[in-house]
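Got some structures for you, see below.
Note that chain A is present in both complexes that follow, paired respectively with chain B and with chain C.
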Partner chain A sequence: MLLLVSFIILFLFLYQKKRLSQELKMQKVEAEYKDELIVATVDIQESERKRIALDLHDNIGSLLSVIRLKMYQLNKNTSNPALQESYRETTDMLDDMLETTRTFSRELMSPTLEDFGLAHALENLCTRIHADGIMHTSIQIVGTYRRQPLKTELNIFRIAQELLNNILKHANATEIKLLLVCSDRLELQIEDNGKGFIKNEKTPTSGLGLKSIETRLHLLKASLEYIPNLKKGTKVVIRVPLQE
Partner chain B sequence: MGSKEIYILLKYCSEASILLPIGAGILRFKRFNTGLRILVFYVFLSALVDLISVIIIHYFKHSNAELFRAYTLIEFVLLTLYFRTLFNRKAIKGFFLIAVLVFGFIDIICTYLLQPGDEFDSYASAIEGLFMISFSLCYFYKVFTEVVIVKLEKESSFWIVSAILIYFAGNLFLFLCSDNTLVSIQEYFLKYWSIDFILNAIFNILLAIGLWITPTKLTSSS
Partner chain C sequence: MMKPVKVIIADDHPLFRKGLVTTLQEFKNLNIVNEAGDGKELLTVLAKTPCDVILLDLKMPLLDGISAAPLILERFPKVKIIVLTMLDEEQFIMHLIKIGVHGYLLKNAEPEIVVHTIEEVMEHGTYFDQKTVQIMHKGLIKKQHGSVSLSSRVHFSERDMEVLNLLCKDFSTDEIAKKLCISPRTVEYYRTKLMEKTDSKNITGVVAYAFKHNLVEL
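Moving on to the complex of A and B:
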């Protein structure tokens, strides 16, 4: 009788163990599937950005250039000062449109990133923000940057882009400092002198931009830290483990 | 307390324990699926047979062997039908019906050829035990391979099948260890039946737990 009772208790124990291991297996499969889905989503997003950037550059950009040329020729062939003034204004507007199109195109797809790597792309990004005169932006690179797989570089670049956009939009800052530390891992520090950022439970996951940052951090197996206790501004540190 | 007093105490406890599954069956009957309703019917029948058996012995001074012969067959049919509801596959459901026919045939042979007259149907009971142990093990195998039940200890079929396994395996073991010549000796007789009473009480308690636990949808469909 004791033997039978022992058998039933043992059965119960083994069953629970088997069920738990099966549940763990299911969770693992689900997590893998979720990761694959995230990778696919990010890939689609990037390829779509690339397509739009190319369309902007090759089609709209080219058309605008042609229109600008035509306007120039029309301006040259007319002697009416009123028309000449009108053509000049239109040509200026076209120049603005052309520049805006190029900026959009560069933001959507950074050729520097693909050709020269993350460090150069970040330098380029800082130079552009600085050149626009919006904010004083500087970058310092510590250590020797070795190129990483394009997907890794692209994800870090997009995170930096998103964080910089947030600073430009919300921080009321006048200065941004970037620090890229290259060692056995990559550490990117972005610091501004704006109004600061109060980290609460809701903030890191709300908003499309922050969701995108979170997804990319997950793909990179990276961490993001908001460093508090700064007298003014915010400091964000991203740590990315490097692949062998 | 002597062995006779212990024997009487266990006898009363064992007989009274049938009230537990009856109570659980009455209180929870509305929630039951087909399988559990068959089981409640079996519990009532079992109590009725015990009652009739007492009346036959005490008032009519007659052997109750005939009654138990019929009861063994009905018990087998009801429990097999209960097991049948625990399985989904048609082939297995069909196998249970074949098992009923096979056991019916064996029971007839035992009744008319091997143990005729007023003798107790110990052979048929032993074979019934073997069938029940096999069915229980099949159930445990199915549960273990499918792994669809989230909390096994909250599954009524688990308690009921455990009750059946313990009761029939215990009784079969008792039957195999028993010696007809020794059973006639009073001390041995008391020990033999005391164990049977304990098994019966455990059987009823586990059945009551099984009937009390609300059956989940998985029970009725698995």
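Moving on to the complex of A and C:
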């Protein structure tokens, strides 16, 4: 009898143990699958962006340039002052369209990031915000930036883009300061002098943006810290470990 | 009368290429001798068609203009390269000038400016139109004023930063040593290193540097 009881107990114990280990295994597989899914989603998103950026740049941009050339030829064959005037107007509009196309294309995929790396791309991003006259924007790079795999650079760049967009949209700030500290890891600080960030405040757009930031932080194994300023504004610090 | 300048156009967009050929052919001092749709084709074309000037697009399939330019300069040192692109970022302009291209134009430049650039390059070796010079100028000014300091050679390791942080919080050498579980002598070493790196005579200079560059927070 005792033998039977202990046998049953042993059996139950082993069974439980096996089930537990199987469950753990399942959880691990699930987590891995989830990570793969995140990577795939981000990859698809980025390749789509790149495709659209290329289409804008190559097709629309080039076609606009072709139209500009055709207009030039038409203008050459006329001595009508009214037509010449409208030629000038049309080319001005075409130049505006080209500029807009460039801007869209650049937002989707920064050519500087691909060819010259994160530090230059961030520098350009700041120059553009500054040049638009919206906000005084500056960037300082401490240390020597060494290029990282494009995916790493892209993820950091997207986080910076998202955070800057949030500041532009919601913060009511007049100044943004970026600081990229390069050492054994990368540290990106983005500081503004706006009304500050309230954690529970969630507009639909910022919700989506924050989700994207979270995903990319996860992929980078990076951390993000909000440091509300006592006087005014917010500082966000992102720390990214680098692979050897 | 001078012999017409022999030009090859390299651009992956056939419509743009044709449009440019048609437009430029009307200028008597130019002779469009050939075309190419990518960098690889351009190298083949160059080997059999002698030319004076290449109008080179940057974003092309197979071999892009950025990679093709140094190859061309090496293999055909007499040929002049004028970049003709949509890309107006200062990094591209600077990079290509460093490689050694002779001119840089944006695709919406007036055909007269394209022709003028070709003439100037043929006569004086290089030429950059006002738009390109403006972009370069902005980039250089920005760097000089320090709002962007890419060339700063200061490199801080993680330990450097830890020590720096504690120095700014007014911790003594012994206290820092205890906090970071290292010997006071090692802390001394980092202090000296930080003074060297920030070009300061004493710790006050280091701390001032750290605050000026927002390296620490209190």
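The working rule: the second predicted complex is superposed on the first by the 212 of 244 C-alpha atoms of A that agree within 3 Å, B and C clash if a C-alpha of one lies under 4 Å from a C-alpha of the other, contacts with A are read in each partner's own complex, and residues count from 1 in each chain.
Here is the rule we go by: a residue touches a chain if its C-beta (ideal position, glycine included) is under 8 Å from a C-beta of that chain, and two chains touch if they have at least 3 such contacts.
All values reported here derive from a predicted model rather than from experimental measurement.
S.K.: One more residue to check, A:His120. First (chain B), second (chain C), both or neither?
M.R.: Only chain C is touched by A:His120; chain B is not.
S.K.: In this superposed model, does chain C or chain B come into contact with more residues of chain A?
M.R.: C
S.K.: What is the contact status of A:Met1 with respect to chain B (first) and chain C (second): first, second, both, or neither?
M.R.: first
S.K.: Quick check on the superposed pair: does A:Phe104 touch chain B, chain C, both, or neither? Answer first, second, both or neither.
M.R.: neither
S.K.: Output check: A:Leu12 vs chain B and chain C. Expected answer is one of first, second, both, neither. What do you get?
M.R.: First partner only.
S.K.: Tell me which partner A:Gly143 touches in the superposition: chain B (first), chain C (second), both or neither.
M.R.: A:Gly143: touches chain C, not chain B.
S.K.: Using the touch definition from the top, say if A:Tyr226 reaches chain B (first), chain C (second), both or neither.
M.R.: Neither: A:Tyr226 stays clear of chain B and chain C.
S.K.: Which positions of chain A sit in both the chain B and the chain C interface?
M.R.: Of chain A, no residue contacts chain B in one complex and chain C in the other.
S.K.: Spell out the part of chain A that touches chain C in their complex, as residue ranges.
M.R.: Of all residues in chain A, those touching chain C are 57-59, 61-66, 68-70, 72-73, 76, 94-95, 98, 102, 111-112, 115-116, 119-120, 123-124, 126-127, 138-145, 177, 179, 181-185, 189, 191, 227, 235.
S.K.: Okay, in this complex, where on chain A does chain B touch?
M.R.: Touching chain B: residues 1, 4-5, 8, 11-12, 14-16, 18-19, 22 of chain A.
S.K.: Would you tell me which residues of chain B are touching chain A in their complex?
M.R.: Touch list, chain B to chain A: 140, 143-144, 147, 149-150, 152-153, 158, 162, 165-166, 169-170, 195, 198-199, 202.
S.K.: In the complex, go through chain C and note every residue touching chain A.
M.R.: It is residues 11-13, 15-16, 19-20, 22-23, 26, 59, 66, 86-92, 95, 107-108, 110-111, 138, 142, 147-150, 152-158, 160-161, 213-215, 217 of chain C that touch chain A.
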